[in-house]
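Paired with chain B in one complex and with chain C in the other, chain A is shared by the two complexes that follow.
Presenting the complex of A and B:
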């Protein structure tokens, strides 16, 4: 009927349509109907388009997926002062296509963001750039100036100040070697930031919701949304006492400046629980500008990574091992003729002068290499290296900071036939063995606390929100018995008095032994170490060091001072002892330890000299 | 008329309904359409009102969240400033501007306080 009607219609209009043409037209319509039907089935039933689910595509178009970043945990010192924290600082972005008067704007902006006006102009004039970050993390007052500058719209609409999260270190260089640094992507790369990165960084969350059509694409709240809240990182409270840290950093700067030293390390530890109270190494860096420094400064902490021959400070450990193993007693005497001949080598004291009969205490007092060598031989290879291992030498202390070295000990079991008895002799006076400052201060702490090797650590407390969990001190092992440590402490106190004339002699004219720190019995042992280079020793440089603890009878702190290659002091101890004396004097006052007013000689002042 | 049989209400209704003309309760087509439209309109208005309220609350919530974020940022800034001001260098410099200086060893005085050998017990008298 329809065909007839169409035929009649065309006939009435005078345009003949043949049946065959109509059939072709019908065929085309039929084909198109089938194709459309197929497409309809495909879309409606299988919901596929170019291999993708249409529903998913539509949902993706509407839905906003966002990763919710957790807040990186704050790092505090033991008194709650923030050392590393998050802060949103404004960053300056520009859309060059919308900028008016780029020349004038470049001249005004450049000094505010510390950039060359030509560089700024090049960015502002480049009309291909629609979104460029001109400056990252600018100061708030600078941002306010930029806001005022662009508020009236004279320079167009293409200027934005957008807050961006920044890891900030409000104390700058202070304690930077301990705190470390998190890079611009928020990943800890050194110090506590790196060691505790997994816990500090937190766990990301996610948001999935329909978004609005506005520029900020905020979620539409009437649509159901899925939120997995991010879990913020833990905050950590360090064992570092800011006053102690400031003190050792100031002393570090002072000695490096005075001695024109190439490096220095000062470590202060609580021997009773292994808490590191202060740790300063030279050179220092500002973590806020970590990219300005070489990686070897940013990524390493010399107190943990650097090894050095401990020199005469090792004699304390040798004495402790001998007394503990019963190889000798405090009254055992060896003869120091100044030089001994062993295995084809002449081994002598620093001045090759003899000290005559030497007890272990006198060996420490005179720092006799010859006597130390003989006491080492009395101990014997097996006990000597067994106790070196028990003291923690040749292995990491396990401190909660990354990059720790192991030191170098020539273990007989490792070297086999290559190990010689000469190694034991050399090790007895601190040569042929290399330690890290942290190992050494941990070992001396075992003597200070009555014989327990404590785990050194820098984190005191971990907090998730308001809930804090203390990090408990850990005893690694007992190394010495208390009577042994009591004997060593007595010897080291006498030693400290022996060094005092270096400090007090010039002002009092008294060059005899006297209290090193008036009012306080303190323990100390110095060492001047040669520096190993290319299989031999550098004849032009030394490392001066002191290890000790105070007060001797009830130690609150153990200390290591190490000065690398001092230029002014011929013997390293001349550089190290004054630092040790000043640090101990100030710390006794800081920890409010009452002085013994009678423990001083004429001319000495409690609390001095400064 | 005497009551010969008591009828229950439902039974009464059924009897009365049977007495009504056929189609009494039936709506015409126009009536049904109008009724449906009315129902749809009411439901739509209710839905729109509900949605509007949710949307308003949502945007208010969003505003509050933005405000919360802004306040957090400001708090961070203040914490940062406090931390900077807590630098021992800054404190020392400030103390010096106030005319203070570190105590010298000659200025230190130590007092010995003799504590009583027997604990003092508070008396009510």
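Presenting the complex of A and C:
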């Protein structure tokens, strides 16, 4: 056939072809043009195809919205020691679609990142996963091992080590209850981290740009991009003095260890401006590994949240209210017969022994419940609760830390008919009322500084870059007048000397009253609190506490020491007084307060006992 | 072999082809620079390659429009055999020379890459035109028309099947059918053939997995984002992003590794994104104009071989272009055909330019054997001369070659304003019937007369050759 055709090639001139057929072909092209034009208008102008909005979909796919994370602010102590900061640590990311030899890689990687090889293999061989974080914040040497691993083997291009900011707490457990923790998502969950979270975390920025279709999503350089720069978080400087904090934490550990106590709190505050200098509560935790601890340890600060019956320490407040309201004077005398009968109840002293006639000062000295009760009755219901409110009991102090408790005060106006006069009697010696350590220290600070209730706070300065703004101390209100506080300071100084033989007796052989802290006049009042359990009291345990301030005439610090359920000290105060004594002794020298060399008895050493 | 015809080719067509190629070059650069960079090459990598092929194709075009198209009739069978040989070679060659993406379509030697299917399109045009012009009424019979035609086409399609190249087979069927139809085939035969080819084709498509899924993907490309839906979806995204006026030349986004083959198969989408509906309409219009000029040449050719060649070449370029554009805009399912003159792809560009050269040569002959507008009484009427019996020689004689050296430039018109003397001598040679021109058999009388006529008019108007 073909040969036949070739034979005819030269011979035949062929048959002319008809134009109509060519016109049909041209018509065909014209029809295609119309169809194509129609489709193009549909796709390009109406941007529709099979019910989908093409233009929007295209732009959505191209556009990358990215949140630009601000740097979380650093937290310093008052001397500039970093307590919380950001560290860039490498994180391991994989693009499973680009991984070669996932089995081998999984076996090699798993031990380095402490994961099960099967789990890693499942991720690596899932060809739909383009972006997985295998491990977060890898140690630098591990990261180097991973780098070497990927350089040596041929596992494809899908392995990245990307630096990510990790919140680090270089001092570990130190001051952790105050600083708090930011969780792995960078949200503060406790302490200053939580309270100042909005300011510390900064304002996140955003990036809107168009990206290429490759796996690494390079930006398209011809496309306009929109950037709102993130604003880094502010740095905060705490009022915490690391020396004070270290001291109270060490004492805390020591006393908890010695007494096998279930908990303890030591609070040190500057009474003149409300700055918290040190705050330690047991148990402690390491914020770098906060997930290893139960949430109730990480999320609460016992110095703010726990309420307890203040016991005899409340007698200081009762005295202050009485003197301020003029219900009695420092010379007013009541009779203490050891036990008193009220409203069908017998109320007695701790040893049920009478102390005879008692002035307010002697009432504090002997810690007489019977006398305190009578002074309380002198004050009367209205003034008593009015001043409790003025002192800040039953309310939050407003400290700049979260989770603060309010304490429990049986306000007559709230309880109405249920309130009885017995409540006032109980409250007079610190029972039937519950306070938080922070409230109590704020109240005692008001006595120390001459009558002003200060707002307690832990942040001293907020810095945006180099610009720092100090947090101004705030006076909440005046509670007492200066003469009243002067009188009480004197009583409390005498009180402190009464506790000194517990410390000095064994070494000096002198069991009489003497300076508690040689060289310094200090104020103190102890309290043994019963622990309220299910409507009654726990008979087997107490809370021993001391509140006070030093030096008495010009107080620099006010202190609360509280030891929960000590196992060795029967009354608790035997455990609390030595702590109080050591803390004050050391802080006096820390604040370089010149001692009065004559204020000591024979055998006492200034700065001792060591 | 070399055409003595001095009449100009279809200048509209020439300008169109030139314009499309240059536009294509611009678009290849725009759509490929990021791809090149992402592959670790300089951003002009594809541009320079395309430019090189364009120069090769350009030379091919100039040479082809100088070669008397009748030469192709003589070499039709050897060309066909050669092409079939190459195609079979591709199938037999090891994968590292011929393979890519699971198909065997290329011959790679060093950095040089050639796709014999592009040559096959041309060879098929030549062979079918040469063969079908001789059939006459026999074409309408089953045994002399449809069956041999089906056998030739079946041979090509069989090889395409072995190369896993369904889209090229489809393209060859279109070209062949267009020639077959234009040659005067029985419409019923064509319909029957289409049914047979369709049945066979659907069976073949089912054996070739990737072509089968393309139909499913076509129905809902978003359902197969990883298995073929990616390309049609992003083609549509690109077109839609262009809207009326486009993002602006070079401003396309989909070429940033979103749209696969942005510089080759899918370049029409990039044009749509950057130049908008205006751009795509102008391009569609350009191909419509190309079709019009091509089919016009075919319709006006007196020689059935020329007409069928013109039909084949025009159908090839036009239908391939429309196929590509229709696919890219999701009018029809996806196949892998390039957009002629525009898409990156050396073999395709060079072969299309070469084929256009052939078409341009045919365009010089459309008025053969028609009354001449300029009549010179000094020359005898063509009818008075017996038709030349001398066959076309593949090798011009040496004397003619020597004389040819002294002739004017090969590009018609260019530089001739400085060559009055040459023009006169050329005219003398033509009149005296000597020289290389006489080897052109059928056009000789007309050419001679025309040139001498021109000479008269040229001398009358002061000797400017340009005036012609």
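We adopt the following convention: the second predicted complex is superposed on the first by the 475 of 610 C-alpha atoms of A that agree within 3 Å, B and C clash if a C-alpha of one lies under 4 Å from a C-alpha of the other, contacts with A are read in each partner's own complex, and residues count from 1 in each chain.
Basically, a residue touches a chain if its C-beta (ideal position, glycine included) is under 8 Å from a C-beta of that chain, and two chains touch if they have at least 3 such contacts.
This structure is a prediction, so every number in the text was calculated from the model and none was measured.
Asks: Applying the touch criterion given at the start, work out whether A:260 contacts chain B, chain C, both or neither, answering first, second, both or neither.
Replies: neither
Asks: Would you mind checking which one, chain B or chain C, touches more residues on chain A?
Replies: C
Asks: In the overlaid three-chain picture, which partner chain does A:58 touch, first (chain B) or second (chain C), both, or neither?
Replies: After superposing on A, A:58 lies in contact with chain C but is clear of chain B.
Asks: For A:21, is the partner it touches chain B (first), chain C (second), both, or none of the two (neither)?
Replies: The second partner, chain C, only.
Asks: With both complexes superposed on chain A, which partner does A:291 reach: first (chain B), second (chain C), both or neither?
Replies: It touches nothing on chain B or chain C.
Asks: Please work out whether A:507 is in contact with chain B alone, chain C alone, both, or neither, and reply first, second, both or neither.
Replies: neither
Asks: On the A-aligned overlay, A:45 touches which partner chain: chain B = first, chain C = second, or both, or neither?
Replies: second
Asks: Could you look at A:163 and tell me whether it touches chain B, chain C, both or neither (first, second, both, neither)?
Replies: The answer is first: A:163 touches chain B but not chain C.
Asks: Going by the contact rule set out at the top, does A:329 touch chain B (first), chain C (second), both, or neither?
Replies: In the superposed model, A:329 contacts neither chain B nor chain C.
Asks: After the superposition on A, what does A:554 contact: first (chain B), second (chain C), both or neither?
Replies: In the superposed model, A:554 contacts neither chain B nor chain C.
Asks: Taking the two structures together, which residues of chain A meet both chain B and chain C?
Replies: The answer is residues 218, 220, 222 of chain A.
Asks: Under the stated contact criterion, what part of chain A meets chain B in this complex?
Replies: Going by the criterion above, the answer is residues 81-83, 85-88, 140, 163, 168, 170-172, 174, 218-222, 242-243, 246, 589, 594-595, 597, 605-610.
Asks: Quick check: in the complex, which residue numbers of chain A touch chain C?
Replies: The contact residues of chain A facing chain C are 1-2, 5-6, 8-10, 12, 14-19, 21-26, 29-30, 32-33, 35-37, 39-41, 43-45, 47, 49-50, 52, 54-55, 57-59, 61-62, 210-214, 218, 220, 222-223.
Asks: Going by the contact rule at the top, pick out the chain B residues touching chain A in the complex.
Replies: 51, 54-55, 57-59, 61-62, 73, 76-77, 79-80, 82-84, 86-89, 102, 104-106, 108, 110, 112
Asks: Taking the complex as given, what residues does chain C use to touch chain A?
Replies: 34, 38, 73-74, 76-77, 130-131, 133-137, 148, 151, 178, 181-184, 220, 222, 234, 236-244, 250-251, 253-254, 256-259, 272, 276-277, 280-281, 284-285, 288, 291-292, 295, 298-299, 302-305, 307-308, 311, 315, 318-319, 322, 325-326, 329-331, 391
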